[in-house]
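Each of the two complexes below includes chain A, the first together with chain B, the second together with chain C.
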Partner chain A sequence: MKKYIVRNLRAIWGRAYPRVIAANREYSWLVADVVLPLLSVLSYGLLYKFLGAGIDFLGFAILGGAMSAFWVNVLWSMASQLYWERMGGNLSLYIIAPISLMSILFGMSLGGMLSTALRASATIFIGSIVFEIPFKTGNPVQLFLIFFLTLSSLYGLGMLLSSLYLIWGREAWHLSEFLQEPVYLATGMYFPIKFLGPVGFFSSLIPLTLGLDGLRQLLFKKGEIFGFLSVNMEILILVVLTIVYLFLAHFYLKKMERLARKEGKLTIRWE
Partner chain B sequence: MGVIKRLFLNFKTSFFLGWKIESNWTDPFLFTIYSLAKPLSSSFILIIMYLIITRGKIGLTFPHLLIGNALHLYTANVLFGMAWAVVDDREFYETLKYIYISPVNLFIYLTGRGFAKFITTSVSVGILIFVSFTFFKLSLNPIAGWFIILPLFFILGVFSLFILGYLFAGLNFLIAKNGWFLTQSATGIFLLLTGAIFPLDVFPPFLRNIGYFIPQTIWMDGMRKILLGTGWNSFTKDMPILSLTKLLLIQNVVYFIVVTLFFSTSLFIARRKGLIDQKTLD
Partner chain C sequence: MKDFAIKTVDLYRFYKKGKRIIEALKGVNIEVEKGELFGLLGPNGAGKTTLIKILTTILLPSKGKAFVLGNDVEKNTLKIRERINMVSGGEWSGYGILTVRENLWMFSQFYGIPSRVAKRRIEEYLEIFGLKEDGNTKVSKLSTGMRQKMNIIRGIISDPEVLFLDEPTLGLDVQIARTVRSFIKSWMRERPGRTILLTTHYLHEAEELCDRIAIINNGMIVALDTPKGLKKRMKNKIFYSVEVRTDSYDRLKEDIPFIYNVSINPLPDGKFELKFQIDNEEKISDLFLILKNRNILVSSFRKREPTLEDVFFEIVGEKDEEVHS
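Take a look at the complex of A and B:
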């Protein structure tokens, strides 16, 4: 048992390492991850400015743009990663290695969280300077909890989605494309989710919804006015979502792996 | 076989291939939902932002915003579709070298691939404009003789889209995996600098002037003028539609010559440097 745990810890480290070190070695990805969200942030920010919105709305858009980097990371570098690994021929190696697939995904998420956090910070930093956004200092414990739990549940959802990519071919690519803009809309990435009314309750299944809402309440002066639920309630729901998504990910990864073995999907390329 | 017939066959085949790559991964119903979800969602984000700030009041700027955003979908999709086809065929399907050695004109091949994107985007744009104008009870206020100038101006704009597509496809022949980033960034920059969702007047004069050199800026403002009766950038506001048409035509001719030369040169360099079958995305 002890050996198994050590092996899995090594697998976590082994998969997190390239996400942190190698990703930061490739400067073009670094620039891409900062510039692309920044372009959207600038566009939405300028639209708000043109419409005469208050400064906090510009801040909401900047925070949304920064957090969108995590969603993009979850979709393209977490959920669809197993599809890329299959294309690259690594997936079969992961399966035959004496480790859990969850450890591989956990390593990916740790590395992904860290490197994306750096990029998201750059988006917030540049966006705040361009639009001169004032931040308020909310409760630091709540701030930490809401940010940490948002990422935990979000990457748990990524692990759950990755199970689907074990058996899917080109649909995987399109599913990731499909889940980008509609999720930006449903989670209130660029506007407070309160304005979507009851739809917000369904959107809350995507952890970004409550995470963003909580962060906005804690970081901006008018955040509380546009808040959807109380921050404590949002923390509680995010705890539940984290547990549920991790449990479902564990269950479905096993199930989908069995199905993929049965249908011979683990080594198919260019499907 | 005549040259025109051969080029048409090239176009038809690449359009068919582009269409299949776009759509044959699922059934038509799911494909329709997929094709509509992305553009409709990004438009709804803008609509909600607008309604929040104006507290539900629909002002004169709203239809301008809707039309600009809908037309930007063409810029984003056709430009990305054509430029990405180079990376996709070269790195993912590894077929670019075979296309290159076959008797296919690459210029026409990319036109066909871009046209497949153009068709799918047209469906989204049509639905988007129809749904939003109907839902918000907006009316068009077209200028006199719109039925003649509208198709002409639209086609001129579509030409400019393809010219941009060739430019970025040409660039992608020369660069490695960063091609996707370049193309995506270009789409974002065009959203900013073409006045698609806000007038260019919000920018300092230097950036504003860059925007006016992009054909899509003139195209979007001209389309607004034809359909709504007014433009929304100060530079084009008082310009008659015929002047805008001439301006767009001149830009198209100039850019076409420059981009065609650039495209041929990139292809020549790519062949000399052995970049046509490079693989950098692994």
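Take a look at the complex of A and C:
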């Protein structure tokens, strides 16, 4: 058992490696992943400034812009990844390796989280300096929990989508396109989710909604005024979402592997 | 029960393709001993890859049983996966953004190999395959041959007890294919007890490497023996080889209806080698007449020993364009 656990831990790091180390080797990511998102943030920032909404709203937009990088990463580098692994021929090699496929997904998540965190931090850092955003020091334990749980549940959702995309096949690709922009609205990426009223409860199924709201409450002065739920309630819901998404990801991954082995649909090219 | 490396018992595999049911394997029975290099020959769609996928636990059998190192492929997948590996011809595994060394290291981690051991093995194999200089080249920049060498290293880095090679030299140039074959032989020699199941389209490769060969056609094993044993089956048949010089051999087979199991191989200097069988030796004079009428110059003519290619065509019945001598 110990050997199996160690092997899976090594596999997680092995699969995370291409995303953590190799993906940062070429500096083009600075333009694609930092400068371009900053332009969207800038447009919201200028709008808020023009409307006289206050400096905290600028901070909301910067934080939203930074967190949107995680959503894009989950959609394009997690949800559709197993599909690409299949097309590239890696999926068969993952299946025959003496590890759980969950470790492969954990590795992808870990790699995605770490490399995106670098990009998100750069967005926050540059945005805060350019717009001179003041941050407040919220409860560090709550801050850590809400950030950690947001990413855990978000990547749990990514792992679930990854298995589902593989089962649904090529058409699922369009779902990513469909989910990208509307989610910016539904999760309150650039404005407080409270403004959407009861819609916010449905949006809370996407962990970014509560994560962003909680982080805004903890990092900005006016955050609490525009808070959707209490931070502790948001932490609790994020714990539940993490468990549910990871459980479902595991369930569908098993189902996918069973289907792959039984029907040959995922490893036989002409199928 | 004897401890086989691979054993299948009445193995069937069906696929559903639309409303049709395709029978990829129909009652396959093979027993591969530990330490054996076992070849699986067959035309396209014969069931070779399906069999490998079942044995490597990627696919489940529809009916029957399959065992690898005594473990049932349906029930003991983890025990099998710990002790096997697989390399396919033309595979594009790994990630283009990684270097050769990084890619190999990544796959070694899926087998739980400590980094220190993995890195030592990587260096050792890169040296053997002449890839040491390219170890820091990104995988996306590799040629097909270099990439396949890397794939083979990936397959052996976990030091598997059973290695499945699914057409490992497919599409490689002669020199690299030779390197791969020579490595396979030395790997087996240096590791007694290790087993390889090899599928190939190249008959000379099977003849050169394999201890025993199973010929599979339409999902069934139609012959199983040593290369020598397979050739012995043809001892009562007479084979001929004619070297000719011609601009075109179009319709040559059709123009000479009394020869069969014909294969035409190009030779240097615009020559071709025509291999065939004739039941009635009296027809040979007719053959020369036809060649003369077509202005085809004969530079040599000889009776020859049967080759594995002859056995294959005799058993499978028709020439598969993908099977090469």
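Following the convention adopted for this analysis, the second predicted complex is superposed on the first by the 255 of 271 C-alpha atoms of A that agree within 3 Å, B and C clash if a C-alpha of one lies under 4 Å from a C-alpha of the other, contacts with A are read in each partner's own complex, and residues count from 1 in each chain.
In the analysis below, a contact is a pair of C-beta atoms (placed from the backbone, for glycine too) under 8 Å apart; a residue touches a chain by one contact, two chains touch by 3 or more.
Treat the numbers as computed from the prediction; the structure is a model and nothing was measured.
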A:Gly88 in the overlay: touching chain B, chain C, both, or neither? Say first, second, both or neither. both
May I ask you to decide whether A:Arg261 touches chain B, chain C, both, or neither, giving the answer as first, second, both or neither? second
Can A:Lys49 be said to touch chain B (first), chain C (second), both, or neither? first
Tell me the contact category for A:Ala97 with respect to chain B and chain C: first, second, both or neither. second
For A:Ser40, is the partner it touches chain B (first), chain C (second), both, or none of the two (neither)? first
Would you mind listing the overlap between the chain B footprint and the chain C footprint on chain A? 88, 270
Under the stated contact criterion, what part of chain A meets chain B in this complex? 28-29, 31-32, 35-36, 39-40, 42-44, 46-53, 57, 88, 169-171, 174, 177-178, 180-182, 184-185, 189-192, 195-196, 270
The answer for chain C against chain A in the complex is residues 15-17, 53, 56-60, 78, 81-82, 84-86, 88, 91-95, 97-98, 102, 105-113
Counting only contacts in the complex, chain A reaches chain C at residues 3-4, 6-7, 10-11, 13-15, 17-18, 21-23, 25, 88-90, 92-99, 260-264, 267-268, 270-271
Interface residues, chain B side, partner chain A - complex: 25-26, 34, 37-39, 41-42, 44-46, 48-54, 61, 65, 93, 177-178, 181, 184-185, 188-189, 191-192, 197-199, 202, 282
